[in-house]
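This is the structure, below, for whatever I ask next.
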Amino acid sequence: MVKAAVMKEPMSEVVVEEFPYPEMEDGSVTLRTIYSEVCGTDVHLMNGRLAGVPYPIIPGHINVGTIEKIKGTVRDIDNRPFQTGELVTFFDVHETCNKCWYCLVAKATTRCPYRKVYGITYSVSDGLCGGWSEVIYLKPGVKIVPLGDELNPEEFIGGGCGIVTAFHAVELSGIKLGDTVVIQGTGPVGLSAVTWARIAGAQKVIALGTPKLRLDMALNMGADEVVDIQSLNSEERIERVKELTSGRGADVTVECSGNPQAVSEGMRMTRDSGSYLIVGQYTNAGDIEINPHLDINKKHLTIRGCWGFDFSHIYKAIQMLKRFRGEFPWHKFISKIYTLNETNAALKAVENLEVIKAVVRPN
Amino acid sequence: MVKAAVMKEPMSEVVVEEFPYPEMEDGSVTLRTIYSEVCGTDVHLMNGRLAGVPYPIIPGHINVGTIEKIKGTVRDIDNRPFQTGELVTFFDVHETCNKCWYCLVAKATTRCPYRKVYGITYSVSDGLCGGWSEVIYLKPGVKIVPLGDELNPEEFIGGGCGIVTAFHAVELSGIKLGDTVVIQGTGPVGLSAVTWARIAGAQKVIALGTPKLRLDMALNMGADEVVDIQSLNSEERIERVKELTSGRGADVTVECSGNPQAVSEGMRMTRDSGSYLIVGQYTNAGDIEINPHLDINKKHLTIRGCWGFDFSHIYKAIQMLKRFRGEFPWHKFISKIYTLNETNAALKAVENLEVIKAVVRPN
Amino acid sequence: MVKAAVMKEPMSEVVVEEFPYPEMEDGSVTLRTIYSEVCGTDVHLMNGRLAGVPYPIIPGHINVGTIEKIKGTVRDIDNRPFQTGELVTFFDVHETCNKCWYCLVAKATTRCPYRKVYGITYSVSDGLCGGWSEVIYLKPGVKIVPLGDELNPEEFIGGGCGIVTAFHAVELSGIKLGDTVVIQGTGPVGLSAVTWARIAGAQKVIALGTPKLRLDMALNMGADEVVDIQSLNSEERIERVKELTSGRGADVTVECSGNPQAVSEGMRMTRDSGSYLIVGQYTNAGDIEINPHLDINKKHLTIRGCWGFDFSHIYKAIQMLKRFRGEFPWHKFISKIYTLNETNAALKAVENLEVIKAVVRPN
Amino acid sequence: MVKAAVMKEPMSEVVVEEFPYPEMEDGSVTLRTIYSEVCGTDVHLMNGRLAGVPYPIIPGHINVGTIEKIKGTVRDIDNRPFQTGELVTFFDVHETCNKCWYCLVAKATTRCPYRKVYGITYSVSDGLCGGWSEVIYLKPGVKIVPLGDELNPEEFIGGGCGIVTAFHAVELSGIKLGDTVVIQGTGPVGLSAVTWARIAGAQKVIALGTPKLRLDMALNMGADEVVDIQSLNSEERIERVKELTSGRGADVTVECSGNPQAVSEGMRMTRDSGSYLIVGQYTNAGDIEINPHLDINKKHLTIRGCWGFDFSHIYKAIQMLKRFRGEFPWHKFISKIYTLNETNAALKAVENLEVIKAVVRPN
């Protein structure tokens, strides 16, 4: 039997239940979970803020573990067969169809209507398809990425979901060699965006967030300057960014805050003819006011929304984690490790920003 | 002596005054004006809605005329010397500095803080630097474009300012072969955008505007479908666009309406992972509400503001007017021709949308 | 029983053989062939110039027909179920894996090593997987595109393989509104490139090719100027292009000739800082000499190779054929129609450039 | 009087001559030279391999010095007036016209036919317009860049011309976060390209060059792997790169070698659908053979030539040198410092690859 934490419906306590070990289809794999992330998304799931979730579910979309069983032959992207015992993670998005207009014509696979996500859009009835479980069932075709000896479980799960989300965001933001960059937000996505912007060749990275704990971490992750959003009001924050950017604003701003008000502020922190990338507005937290003349048209501003990530992002992010291991302390994002029985406390801690990153260790 | 129409201050009548013939600096040219445009911008100037205008001014920023005098040798972009008597227009923007950070580092010359615009930011004391005048003084370095025998004055001034503004907008919008395109607005910019989108390889061009006169013109200018914004409310217009685009919305939407509310509507008319270009918000007409989660982030939308145009746009637009002369009736945009003494009536007609394009014939 | 033309091995006569009607897998479709193309590639197949071809094969990779049988439900890109009797074509490339590094990380699906092509890389033992056959077997997952009432069989097969290849090439070439464009070659790919460049907003399209029959067709397909390559030597051709482009060379040149020597010539026909797209070098016809200093580095030239096409290209090309039906006479590319028994003659005619396009009508 | 080293004609000894102190025009500046570079280009000048050079000239196009005199007010890009005594460099390219088709329509300013270059295309009769001189005359409009306290003379001149050339090359090469990158050549341009590629977010940087001294420097400048081109033949080098890149070749290759044969080799070291940037072919060193089918078309390769640099590149490169001061030892490129009387020896040392970088200290 396998123990897993189940979210039965929004606003109810997560409970641990027992399930039979997965019956394996050909091409499937089971993972003995080492860590599963507790993400801001899991708080949204608990609060019922995501549409179309097939409760009851086993949360946990970013995970690391060792391969326990393989049915048939399963290969990595370079065509090498996986072995039992390997340390791996997997791409939580599955069933991107490669048949629909969004997949094949628009080539916007993160907008494929058929995609499924482990820990979010799979129900308990679909199997052990979430990471808050001793064992995870990887259906045939789920894309598995080896961590090898080059990355330990903490280094990967520390960055977790945020590191990949931020990778996509920074790639799409168009940061170029020598740009000044503002990152709005110092949660796991924002902190990771700080590092990717630094690695991508920014001349200066300015992080806006709070509290001090996270701002200190931003400095460790490559920020040149930090601004505590508690200490300045919106106008003052915009002024501060301009002071740090020769009076012009950032070449590129990346929004990772989750606060809708950050969006209008971020436009105004960006220089004329600059670029603004919005990745933090993962749920609907309300409308905002903008001035299309001043904020967009006269500014000659480019704004990009960034949704989800695809396999290339998780693959490249892991390659880069391996390369920059040791230079940036992603593993220090982990503030606390919880057992399967403590996931309700973990959710609270994430909701209250008491931790940078909470992780579950089911075994 | 030279007669010119002078806008002394906002909200006052335009009056005709007499000025001495320009004293010419080396490298300067005088133009005998054939037509000068009455643009929506001129209505904004009359209403005092643009900042930093050095009233009194001679309006008229897009003009066509014949070269009357040349002091020294003045050459076109291909290094050919101009002759008196040639039919030409000129780029109204002058003194883009080629020295500042925006010109040289950002390469965003339309955001150069030193640029001056004929008919808008030159005062009467700077000389005959506006088109509502029998003669226009082209300072040394003003960029003159020959129309030759390939374009008559009506064909150029019909398109006028809108044709060049729309050229930049469509170029920047990233329309690709086979895209479905929505154009919001059927004024001179919108109608021109319809044509450029058609010429740029759109699979379907849908124009939204009013009244019927302009929608009929949109069909002449290359629209495949038109939607009268008076006949449907915002939700219905979005629905209509989706019906015309396999349920998804346009690949690219270009806002040319001047109405801030069009901006949120336009985002919702554009498909997921599509592109939205905002060029119509030339003055500050107020704030709007948007939902950053639904309208930008989850939509994976790209939004671009587009400000002004540079020499490449007027040069290429004229090359293309010459090439597509006869295929699209730009000259029919001219609804009425006014004398120098009738410019107040012309401004009223433009303000009341009684005309597509009003032009002044000073001589 | 079904009759099909079989190419048993390179350099041997194609012979007609009989095969049993396909046994259908779930999700498969049979097509009653109306037309199949005889492409330059088929001549290469006959001459044994492509590596890895599993002879014996049934040639014919671009085809049009009516759906005869459907096993289960098969849907189009918009999720609509196909009906028997519908007029359709299909994407000849199949089994692009969506699992390998090229598919998922590089997003260069035309370089997927697992892709298979109807009429080229399927053997007779794989089934009726080529178009020179009364019936074609569309394996589960083959992407079918409806032609509907908006396109008749001749309009599609006239353009054929070339129209889609050229669509990809012109899309990738980066032609922008107002560009001057040179197309090298006036075979089916070159003639199609002429039209796509015209539709994509070129200011001037110059086609270089031979003989007069094809140059006349180029003018019908949207060329502004044609140059007979027989009448001028290489230096003179370069000079002629410069004369037609203000002395500078083309903004964008698209090579569709198949002749390796065209490549160095094409670089020199393109202006400094322009773009050169190479799509015509489908087989290895030998090395050429270039001067990397003069032809690339000092020229600040961009050169792109273009291989194959993906589903988006065939889908969009067909949408555009429907839109521009009547404006460009693609169906006139068909010089002669051959029966299944006459394919050897068809191959000869294509090899000797006696036809623009030869097609096979198997039924 | 001012002493300067004069190259009277190709293949003759450089001699030191005396000139009167410059008479200053309004807006001009004189610089007391600290260092002037001896670049590979100076060897080409000595050997008469550049066309259109107006001998006699004072060589030295990249220079650092202190401002000695200012006539009138001269400002930096941020509009701050310069003071005497400031440590500065300047952009050697002057008189880019901002009027011609290449400047204004193509926006390819490095192809402007009117641009002049200090130390290369100014004759002695134009004034002290080269850096191998105690004093350099900066004509009105020459763009001066302050080094401030953030960069000492050695740190700037160490990188010198190569650092800016390589900045442009890497920017244009399109290196993205996580790419594997090959740099061909370990001269000053190649070594700088190694660093910019590293800073721009490469996952792995592989440098090919020789001798060991330079390969060791490449490792200091950020290379992950080096390959000594003397120890392997061309086929073996291609194999070695593939071994280091999962068998595929580099995502992006940047040619900085000056050897024409490197171009075909570089294409073959780059993965299918990758990018190849050519910046090292500054002079005409002969033709090469390529196979357009295998090397470009089937490979779906993008190739870009990169000519010169513009103000944005020198400005940003200096911003980045300031930011990454201390992390990369550009100043160690300086192998030897020569007096004005020793420039012939310096040229020999550069020609014989005895030094990484030779610099002249005129005062």
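Worth a mention:
Going by the order they are written in, the chains are A, B, C and D; count residues from 1 in each one.
Following the convention adopted for this analysis, a residue touches a chain if its C-beta (ideal position, glycine included) is under 8 Å from a C-beta of that chain, and two chains touch if they have at least 3 such contacts.
These numbers were taken from a predicted model, which means no experiment stands behind them.
The chains that touch both chain B and chain C are A, D.
Computed from the mean C-alpha positions, the centre of chain A lies at a distance of 41 Å from the centre of chain D.
A straight line joining the Cα centres of chain C and chain D is 44 Å long. Contact with two or more other chains is made by residues 78, 101, 246, 316 of chain D. Because contacts link each chain to all the remaining chains, their graph is best described as complete.
Within the complex formed with chain B, the residues of chain D that make contact are 77-79, 98-101, 104-105, 107, 143, 310-312, 315-316.
Considering their complex, residues 101-102, 106, 108, 110-111, 246, 248, 260, 263, 271-273, 278-294, 296-307 of chain B touch chain A. Only residues 78, 167, 170-171, 176-178, 196, 199-201, 203-204, 246, 316-317, 319-320, 323 of chain C touch chain B when the two sit together in their complex.
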